[in-house]
Every structure is written in structure tokens, then in C-alpha cells.
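In this document, chain identifiers A, B and C correspond to the written order of the chains, with residue numbering beginning at 1 in each.
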């Protein structure tokens, strides 16, 4: 347990270092390529350099960067002059509910589909389930978002997180409003994710159903549904849970695309805008947050698996 | 009146691309109450398939014909068989790691069939489980452990305890000692014999290990290439085998008390995806006759309770 | 996981043709490849040819309608296929070389080489791929070759791990030990013994990489990081988004491109699955199924062995 934590912390450290070097080492002067003022006068460039400590040696810069990081200082956004940390935190708060709803939905639909597909393996019912799962897994996320937009045009809100012209100021009205705006993005996320979960579940179930203890359970005279529930499912959930937890870290990719289509003001959208606007501090900040979240979820997955499988002793 | 009667059992496994393996061919034998019968043969001879067929546990790739009569009912039907599983016929697999569910405690797996079949309260079931564990020679506290925490021998005993949970009439043991070292083997065999005596259990012991059968069973059914070679009292099979395969099988078994050298049987068993003309053993037989390669041998009754599928049965081997 | 395989192209062909999904995958992918390769000849209209109004709906002359510049969507789609498949295959190939190379080196040499390479791989795996790609593409500048490299960087890690595991098992095989004992050099052993064994797995993985590559390309293009001069399916979707096809209700500017991506990915998936199944035959036995074994009636079946006189 301790070993895993140490590894996670080490990875975070490597990630932050990488974050730092990525922007200094890539071809093209970071400031010239990414700064919001592409045709700045030499004085302005010099001023910017000084402001971001780029006139010091790389080693000094690195230390400065680390020190600032520890103080929670991620710089100031070029676009709106606000502290990056504030923007990023706000964006994170916006992303979480949408992603949570979508993920929970995806997990429920995915596992159910996977179990059914495994149960009906060989018959058309299993093939249909598997094929639809593959299809939704294969379609580009942003395309699915656009298709849903077109399908529900006029019925559900097409962008943003809330209606700026909402008259009723009450908490319920506001929540309902956000809820309505959240429907399509969450649905898109759920559809995009569930396919992979269904396939994983199906695989794990088939693997489990072929194990000896399932034969033992059958020999004991247990009914098929009981065997699936009490023996196969419980054991199949082991790899399924880990794989799902692992995939959560990579949720960010889908989130970026979905948030962009729906202009949902979350961390993904913030990253996208940082790229478009060449907002270098924001880009660095969002990237760091996204990396740390992946590491965090990987650690979670590891711990979860160790907790669930009694064969792994600590 | 036989407890279990197998009549003309045939099992086919379909392979990919239309072919099929005829894994069990016209197998017939019977098991009386309290009787101890050994099903012997080399790996791949169909004995495991036969035992799976007995309890209708074959996979969807299989097809069967014939009858498996338990107290008059034909068990070759999922619904009928399920009613008898564990209650009347219980199975002990090789206590390999995976025969037990690795993420559940031993005790929970022991009480599971009791709760389902005998509708007892959980407490009563747990008590009984502890009794059973002690009966097979493990401490009752072992029940709180997970399968991987037990040694091979203990796992095998636990499997035995689990099989006895619903007081079955027949105990089928599939290679119960193969994965164990000889000391533990002997203990397990003693245990099985003792239980069979004390509880009046009929025993069907499936194994490739002849000495085991000689030790525990009174009757043996020798299988070759999915079909019956010889079936009869163990002592008679040893002293006056009526089938060359039985004779050679004994000759190939090392015996600590005997100075003779071990002779292995040359050749390999035939493929089961093509029809076999004549006797399946003929290519490897040292006393094959002309008829052996052209026509199937008859099932000869040497004496009541003793049959052999050989052209030479009843005469010199 | 590995079974001794005969390896080689003929084995691959047989495996693909034998399984239904493999066959379907090959045919589907084949259709797209042919259309892509011959698209300059086959496409009905030019890529700059204005043949109608903004977002004209589908008609007989233009079965997939027109885009916002009045250009025939079908022609754009075919060109999109050509570019997308090019990027996809190229990126997958680069990833195969990088991933395969690292995997072979780590698996074959073991020791500190293995440790170092696997640490690098692990860290690459942890960094979220899309943001990484975004950052690199943003800073490096958009161009087709840059894009191919960036996508390859997203793909190589899974290949490396897979190949490493396989090479490790191959290394222990008898004939490799024999070759080493006979004094064969590393390069020779890798070329003549290791490579043929891991070949099929590498191919299966590369095919699946193509699918991922096309998917990733569409994502990157959507975020404005693709090559601005190349028309790929991803770019078509991006342009539809930016030029308000949605509000115009011009579904034909959006739907076909995504469907094409999906179909290519599904085809690659089928092919990859067929090869993987052949290499790792999971027990076709599911002990549980609503169907159990079949019972044959005695009248319908005579057992192959003759019933002799009893």
C-alpha cells in the first residue's frame, strides 16, 4: 500500500517536471508561439520573458516553478488576467457533475449489456448487444455529440451550462436549468463510454463462466441465474472494476470533445480554449490538473483491486 | 436394484468446421448402493466426459444419446438432473485451486448447497459445515479461510466435506489424488474408504491410477478410446485379465513389491474424430487376431458381473 | 497467453478468412482502402468545384448533399477517406516500429534495458494522451507529418507492452536457446526466430492501432490541430461544427463522415479480434448458457462402431 502511494507521488513529480520541460523544450519559442501577442514588440517580449522568469537559467526557472507550484500559484491567465488556479478550480467544479452522471450511466448500461451479451453468447441477442456496443465505441465522440444536438435541436438546450436569461432565481429553478443543459453532454458521454465497458464485462464474464468453480456451482445443483449472480458476476467484477477505474483517468479526452461541442464551461473546454487562445499559463495549468487526475485514478484502481481480491495480501 | 445404471451412453463433441469427436462410445455399467466402482483409463479416454454426462454437466458443444438411470429416472436432461445434483449425486473434483471459488470463504461454499437444497437455517448449516470439516480431518476454523490459504491436501478434504453436505447417495470423485504427493494420497484414500463405509455411500472413483482403484474399489470399469474394454471385480481383473489392455495396463504400473520391470504400452490412442473399424486397441495390441482389425469385438460376459469387449475374452490372453 | 504459432502471412490469411468477423472486417476495410486509393479518379466532382448553394440537401445528383461552400459532400468524403486512411496507416506503422522496437528490446535483452524502457513506457501511459497530443500539436505547429508523429506517440505504449510480454516467452523457447548456443548473434536471432513468432500479434495490434489512429485524428482535427490543408473525415466534422451545419439542420454534412470513421474502426476491430482469437483460443466452452448439450434420438443416429454379437 505504501509502495503504491510512493509510486503515485513519484509519478506526480515526474509529471510536473515533464509539464515544465514540455513547454520549454518543444520546438518554437514558447512565448512567441503561444503567447497571446504574436507580433509583440521586442520590449513587450522582453517584459513577458521577465514576468515569467524566462530570462533566468533553466535550472532557476525550474526551482521557481516548483516553489510556485507548492504555493498553489499556477500563474495568471493571459485571456482574462485571473489566477489560473481559480479558473481551473471553477472549471473542475463544472465538469465533475456532468462527468459523474455520464460515467455512472455508462457503467450501469455497460455492465448490464455485457452480462446479457455473455449470457446470450452465440445467439442473435448476444450479437446485437455486442455489435451496438462496438458501434458506440467506434464513433467519434464529437460526432455523436453533434448528432445528438441535431436530433434534439429545439427540444434541449444546445450550449452552455445554464440559461443566462433565466427569470426565476430560486435554487430549484437554477438546478433544473443546469440539469436540462447537462442532459445531452452526459448522455453523449454515457453512450461513448458504455461500449468499452460492455465489451470488458462480456469478456470477463465469458472468462469467468469457463472457470472450474462455475462447473462446481452447476454440479451443486444451483440454478443458472443464481450461478451468474453469486459466482460469475462477483468474480468477473474484479477485472471489470479495475479496468473501469483505470479508464476514468482517461475520461478527460472525451470530456474535452464533449465540452467543446456543447460549450460546457468545464476543464476540457478550458483546455481547448487555452489552445485556441494560446493562453500558455492556462494550458500548463489545465494539463497539470488532467495529468494528476489520471495518476489519482490509477492509484484508486490499484487500491480497489487489492481491496477486492483476497488473494492479494499486503 | 442398481442405484445408477448407465446404458449405451454416447457423447459427441462438435469441433469447429463441422467435425466431431466421438468421446464416449456405447458405454454401459451400473453402480449398486454402497458399491465402490473405479472408472479407469489413460488421459483422454473419455472417463471425465462420461462422469460429466452422468450429471448432465456437459457443455453446449456436446450431444448425447443413451440413458443414465438414477432410481429409474433418466438424468440426461438438465431439469431432471438438476433436481438430483448434490442431493443424490455429489462430485469431488481435483482439488485444484479453481474448483473452489477463490473469492469466497470455504465455509460459505460448504453451506451454499445446504441452504438451497435442504432449507435449513444459516446457523444450523454452519454447524453442520464445521462438523463435516472435522469429519474429513480439518479443523473447523479452516472454514473461515479462503481456498488459496489451504494446502492441496486440505483443499481436497474440504472438497470432500462440501460433497457430503447434503447426504448424497453417490459420491463421484474425479482424480481425487492426482495432484497430491503419495503420503497425502494415502490419507485421502483411507478417508474416502472410511466415509463410504460409515455413511453407506456408493463411490465412483474416476482415475488413471490403477493402484488407487485396487486399494479402494471392489469393481472396476476399464475404458479405452471412449469405450468399455473390461469391467469386473478388481481382484479378477488383476489376476486373470480378460482384455489385453487391462493386462498391459497392470504391467505398465510400477509395483514396489514386484521385481519385474515396467513395460509401457507402445503407440498412442486412436483419434476420435474418425469412425473406428474393428477394435480400437488392435493397433497397439500384442495378441491381436485378424478379426480384431475388421470387426468390432463383442461384449462377452465372462462371468456374472464380469464383461470384456475382446475377441479373445474367455480364452487365453 | 501465447500458443506456438506457425506464423507467417499464409497463416494470417487463413485465420482471417476462416472467421466470419475476420472476413467481414477484411472486406469492409478493403472497400474503404480501394475507394481511398482510387478516389482521385472515382470521385464525381472536384474538391473546389462549386455545384450548388450553401448546404444544399441531398438530391439525385448529389446523394450526400453539399457543404457550406456548395461543394459535393460525396467527393469530399472520398478525399476524406484517402487522407484519414493515410494518416491512420502511417501513424499505426510508426507506432508499430517504435512500440515493436522498444518491446523487442525490453523483452529480449531484459535486465536494466528492460527496466529503463518499461519505466519510460509506464510514464507515457500515465500522461493523458489527448491533452499531451494537444499540447504537442499546439506548440509544434500543424502539418501532416507532425500529426502522424503525434498520433503515433499516443499509440506506441500498448504495442510495446504487448510485444515485450510475447518476446519474453519466445526468448525462453528451446530453439532460441539452441541458436544462442550455436553462437548466433542477437540480430540474427531476433530476425529469424523472434520476429516470425511475434509477427501475427504485431499485425493484429497494428490493425487495432489504425482504428485508434483514425479516431484520434478526428479528435485532433476537431480541436483545430489537424493539417489545415488536408481534408480528412475529422476535418469534415470540424468544419461542419464551425460553419454551423447544426443550426442549418444540414445533417448530411455531419453524419456520413462519422459513420465512415465508425465503419473503418469496426472493420479493424473485427480483424484484430479474429487474429487475437486465433492466437489465444479462449475456451469455446461456456459452462453456463441457456442452451445445454443436445440429446440425440436413438432412431436418428447409429453409433459408428458396429454392434457385434453379444
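In the analysis below, a residue touches a chain if its C-beta (ideal position, glycine included) is under 8 Å from a C-beta of that chain, and two chains touch if they have at least 3 such contacts.
Nothing here was measured: the structure is a model prediction, and the numbers come from that model.
Taking the mean Cα position of each chain as its centre, B sits at the greatest distance from chain C.
At the centre of the protein atoms shown, by the Cα-centroid criterion, sits C. Distance between chain centres (mean CA atoms), chain A to chain B: 54 Å. Measuring from the averaged C-alpha position of chain B to that of chain C gives a distance of 48 Å. Computed from the mean C-alpha positions, the centre of chain A lies at a distance of 23 Å from the centre of chain C. Of all residues in chain C, those that touch two or more other chains are 285-287, 289, 291.
Among all residues of chain B, those that touch two or more other chains are 57, 60. Of all residues in chain A, those touching 2 or more other chains are 122, 211, 215, 218, listed in ascending order. For chain B in complex with chain A, the residues that touch the partner chain are 55, 57, 60, 82-87, 90-91, 93, 96, 98-104, 112-113, 116-117, 146, 148. By the touch criterion given at the top, residues 123, 126-132, 134-136, 138-141, 211, 215, 218-219, 222-225, 234, 237, 240-241, 246-247, 249, 251, 254-255, 257-259, 261-263, 265-266, 269, 282-283, 285-291 of chain C touch chain A in their complex.
Taken together, the chain A residues at the contact with chain B in this complex read 122, 211-213, 215-223, 226, 231, 234-235, 238, 308-311. Interface residues of chain A, counted against chain C in their complex, comprise 11, 14-15, 18, 22-23, 26-28, 30, 33-34, 118-123, 134-135, 137-144, 146-147, 149-150, 153, 158, 206-207, 209-211, 214-215, 218, 224, 227-228, 232, 249-250, 252-253, 256-257, 260-261, 271-272, 275-276, 278, 283, 286-287, 290-291, 293-295, 298.
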